[in-house]
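Sending over a structure as structure tokens; questions will come in a sec.
A, B, C and D label the chains in the order they appear, each numbered from 1.
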Amino acid sequence: MKFTVDEWFVVLLARTIRPAETVFHGFGSPCAQVAMHVARRTHARDITLIEGAMYAVNPDPPFIPPTSNDASLKRGAAYSMRFEEFFDAAIRGDVDRMFLSGGQIDGYGNTNVTAVGPLERPKVKLGGGGGGCNLAATIPHLSLWSSRHRSGRALVESCDFITDMGHRTPSGDRAELGFTGGGPQWMVTELGVFDFPDGHARLTHHFPDVTVEEIRAATGFELRVAGDLRTVQPPSGAELSALRAVDSLGVRRGEFAPKELDRVFDHDPAVGCAC
Amino acid sequence: MGLQPHRNKVVDLAAAIADVRDGAMIALGGGLSARLPMAAVREVIRQGRRDLHLVGSAHSIDVDLLVAAEAVHRCEESYVGFEQDLGLAPAYRRAAETGTIEVAESCCVTILAQLRATEMGLPFLPVRGVRGSDIRRLHPEYGEVTCPFTGEVLVAVPALKPDVALLHAPLGDRYGNLHLEQPYVLDERFASASMRVVATVERLVSTEDVAASGVTIPAHLVAAVTEVPFGAHPASCYPNYAYDREHLSGYVKAAQSGGEDLAGYLKTYVYGVADEREYRDLIGSERLAELGRWPESTVDWKGLFQ
Amino acid sequence: MKFTVDEWFVVLLARTIRPAETVFHGFGSPCAQVAMHVARRTHARDITLIEGAMYAVNPDPPFIPPTSNDASLKRGAAYSMRFEEFFDAAIRGDVDRMFLSGGQIDGYGNTNVTAVGPLERPKVKLGGGGGGCNLAATIPHLSLWSSRHRSGRALVESCDFITDMGHRTPSGDRAELGFTGGGPQWMVTELGVFDFPDGHARLTHHFPDVTVEEIRAATGFELRVAGDLRTVQPPSGAELSALRAVDSLGVRRGEFAPKELDRVFDHDPAVGCAC
Amino acid sequence: MGLQPHRNKVVDLAAAIADVRDGAMIALGGGLSARLPMAAVREVIRQGRRDLHLVGSAHSIDVDLLVAAEAVHRCEESYVGFEQDLGLAPAYRRAAETGTIEVAESCCVTILAQLRATEMGLPFLPVRGVRGSDIRRLHPEYGEVTCPFTGEVLVAVPALKPDVALLHAPLGDRYGNLHLEQPYVLDERFASASMRVVATVERLVSTEDVAASGVTIPAHLVAAVTEVPFGAHPASCYPNYAYDREHLSGYVKAAQSGGEDLAGYLKTYVYGVADEREYRDLIGSERLAELGRWPESTVDWKGLFQ
């Protein structure tokens, strides 16, 4: 069974979700959005899925549209939270996991979705952080992602602007800042997967078509590598078909540079897989 | 402030917007691609307002168009853009990069707390995050407060009271009772915290009909109401119509190119139409009908996004 | 046309309401409740009437039941506020007038609905203040009432316990306490009507069947009397018929000592009245 | 805390209440004569709970009965009584006057602020009033906070997190989605702020049916749900039935007289019935049907209050 990098990427994101968690994605995050629905249809059927920007609880959308608050995203949900209801739940710690990305991400998992370049006269004004600058402080677990790692501009030595706080900012670590959430737990990129032991990103898995040296070259912060570095686990047939059913419009593909989408993989028939 | 007395509040769009002053703090209802008060936004531009201070959560063409028309002085939203699909907000981005607007980017939770402070009659509220984020550098007005019980130091944010909230709803009555579908976004909070609420509605109906659907925002919070079919276009206003992705895409291209292309968009869709009836004629009844055809089948619905 | 003291009393309470105001009564306050509906059907048709404990806005109840949150009290209302929606509006100053009573009321308009006697071991534990101890601080105008003035126990030198603050408490006056509301404006009793110039009750009107000396004897605080003391203005025919239509069950009568209800008045045919 | 996972939460009343511990802080839903969780209250008494800390706004027989059964240690409500009609709450009054309960009388607005603090994830919230009121003497735990912007000193109240909220609703599904009619009173706030929500419902129906009426309290806030017809009796549960004024009046008389009369009420209506089916049999199907006849005509409705 063949699959493309965007599919594998989304499956890896989905796997950061644990059963029974309450999970949320921000708007404009199709990969995370699709990943949540994949998780709910595979290994984590009992999650409470909160649809970003619609705040619908456990919907079954007929398709994922390219905008985050289309009414299709509340189909099948008995309830949609009010804006404040969602944010209150997240601030008091009742939302277990949020997906976050950024134009820049540093080694501590700080993210910049505000501006590249000096704040007074930015080189690129990005869209902005939504609710991240409070949510990142309180949500127990963050799953970060970047689909532009290879560009060399996404994973940086230090963010030009810290919108959402990771494990440590120049103002202090999470304990010093009084944050109740646990910070970034995983980071998935189109090159590999990181965890955050001691609050700093560490490469634990890489895609089979990418070398550690390529990853190091694309990474602006010091690349720490796990002793037991492995290749990422392939998606199962169930995961791929869930993904294809959920995202029939392919909105996830919009997050990738066109060239990345040419990366096609195949299950090695010689290797056992869960499909 | 005081609640609005129970009386007929129907006015035409031009009159409803005439109360918006240069320099006013404006709250825009809806968010992203849903229920943006676009007819009101176009009228604000037509009336030549300047130096507006926009506050809200995550927005798109409403803010971008106001910035493109040079109506904005300060932008205090949590996000302005067209999501992953159509990308950065071109006019907003250009104005921020060249320094022609003051970017006071905020956070959904902080804006919510500031509106709630006004709503709850308090001069400030504490928020839990913000410390450690550079968002704080954009807001020298924030303070700190120490919890008398736990000793925790929390960021304190001042109450925010918009001069005018511009809201769009699928249904309303002449007293200003409004029915909304989810997502309500900040509309309810804006309605309580703003000095004045101006509502456009797809259809003016009887109080009984609004009540049957459910009153989301009550008449006593609304100062003026005006009927504007397709008043959220090119955003969506469910259950009436989906967003017009093709139109938005055209706008983003024009705005990215800027100069004459952007001026052309403004001329065609804002300055060049005397009112919203002309705007609807311009978009065309066929296209508008298409956007309303989403309930017919999933295929039709999905087709609007392909 | 004959009328009884309870009717006259409610009409006087109704007249403390000005046109276009937003008005509210607490639960368990039938006289104030009926008065609001009388005002809305006579001199103040454009008020925003918020039904206490139901928080229905401008309802037309088919009758006033003896409990404050029966569904009959939201009949005809297009909208009922949520609990927090009402209290927020009141605290931010958007509710112009509230009706308040108490087991004890002192000359500054402080009211006690908590306990008579020492707090630690009260002689009578009253029901409690509902939202009064915050609302009394912020609502622009308060209309107080007592239907038990003659008992000598209601209008007291000083309250054993101050539940809701009037113009001045031992902790300071309203400015010193940081209160945004204006405090008590009127007080209606079954013996007369008071205003609050300089923050202290002053008798401005008395019922025609009651002398100032009787009122003084029943009043625990120093009785101040207006220079132009008058008898209370009789109810109009319109007011009486509105009242009788609204309160067909006569719930207002429960607030009075049985003997008071024997006080029957008649419009003096020789004197012009608005009926 | 965490949200409740989506699963079947139907248990019987005894099991639902078995989680209530001696000494627990209990939030009682509804208020005055409406939607009081009386079946749950009776079961709490039957199971012999002690030293409860009750928090809420304005209540009546629910609190008075718990006090009468000596289940209460501390009472932090804004009002306990039977309004003008039936007067003071006899058992509560007696316990307060003899000092057998701790009276921590509060204010609707303060309780609301304390629940909201928990709901909003904050350790405290400021309130505007309270200063100058002796209510403050009952709450040495309150603090003060100075607004960093205006310099105003406001009373700060600590977050309040009930261990259990007992709510009663006309409709619910097996996942715990609840539909309520107004007044919701503090039920929504209790649901968000409490560690655990136990709901009794008049009728368990499909999720579709609850959604069609409107979900007021969502399943993810509810830990257990149990079907108890007439579970609010003698309080009302509209649209199903009005309150039973005659029964309440009988209770108040028994409680005023105290001693054997009050013990007799408890024996007959609480200890003497094994479950709520027996309770309904005791009240009688004829009387219960009468209370549900209010929609037939205004005369019928009004008749219930005469």
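Everything below uses one rule, namely that a contact is a pair of C-beta atoms (placed from the backbone, for glycine too) under 8 Å apart; a residue touches a chain by one contact, two chains touch by 3 or more.
Keep in mind that this is a model prediction, so the values were computed, not measured.
Visitor: Spelling it out: a chain qualifies if it touches chain A and also touches chain D; which chains qualify?
Guide: For chain A paired with chain D, the chains in contact with each are B, in label order.
Visitor: Quick check: more C-beta contact pairs at C-D or at B-C?
Guide: It is C-D, judged by the count of C-beta pairs in contact.
Visitor: With chain centres defined as mean CA positions, report which chain is farthest from chain D.
Guide: A
Visitor: For chain B and chain D, let me know how many angstrom lie between their CA-based centres, rounded off.
Guide: Roughly 39 Å, centre to centre.
Visitor: Chain A to chain B: how many Å between their CA centres?
Guide: The separation of the two C-alpha centroids amounts to 28 Å.
Visitor: Would you mind pulling out the distance in Å between where the CA atoms of chain B average out and where those of chain C do?
Guide: Inter-chain centre distance comes to 43 Å.
Visitor: Which chain A residues reach two or more other chains?
Guide: 91, 138, 180, in rising order.
Visitor: Give the residues of chain D touching no fewer than two other chains, as numbers and ranges.
Guide: 121-122, 128, 152, 154
Visitor: Throw together a list of every chain pair that touches.
Guide: Inter-chain contacts occur between A-B, A-D, B-C, B-D, C-D.
Visitor: Touching chain D in the complex: which residues of chain B?
Guide: The touching residues are 121-126, 128, 143-150, 152, 154, 156, 158, 214.
Visitor: Using the touch definition from the top, list the residues of chain C that touch chain D in their complex.
Guide: 27-30, 53-56, 62-63, 65-72, 74, 80, 82-84, 87, 91, 114-115, 119-138, 161-165, 169, 171-172, 177-180, 248-249, 251, 254-255
Visitor: If we count contacts the way the header does, which residues on chain B are in touch with chain A in the complex?
Guide: Residues 31-34, 57-58, 77-81, 83-85, 88-89, 92-93, 96-99, 103, 105, 107-110, 112, 116, 127-135, 137-138, 152-154, 181-186, 188-189, 236, 238-239, 242-243, 245, 294, 298, 301-302, 305-306.
Visitor: Looking at the complex, which residues from chain B come into contact with chain C?
Guide: Those in contact with chain C are residues 1-3, 5-7, 118-122, 173, 177, 192, 207, 210-211, 215, 218-220.
Visitor: Sort out for me which residues of chain C touch chain B in the complex.
Guide: Result: residues 20, 22, 46-48, 57-58, 78-79, 81, 85, 88-89, 91-96, 138, 180 of chain C touch chain B.
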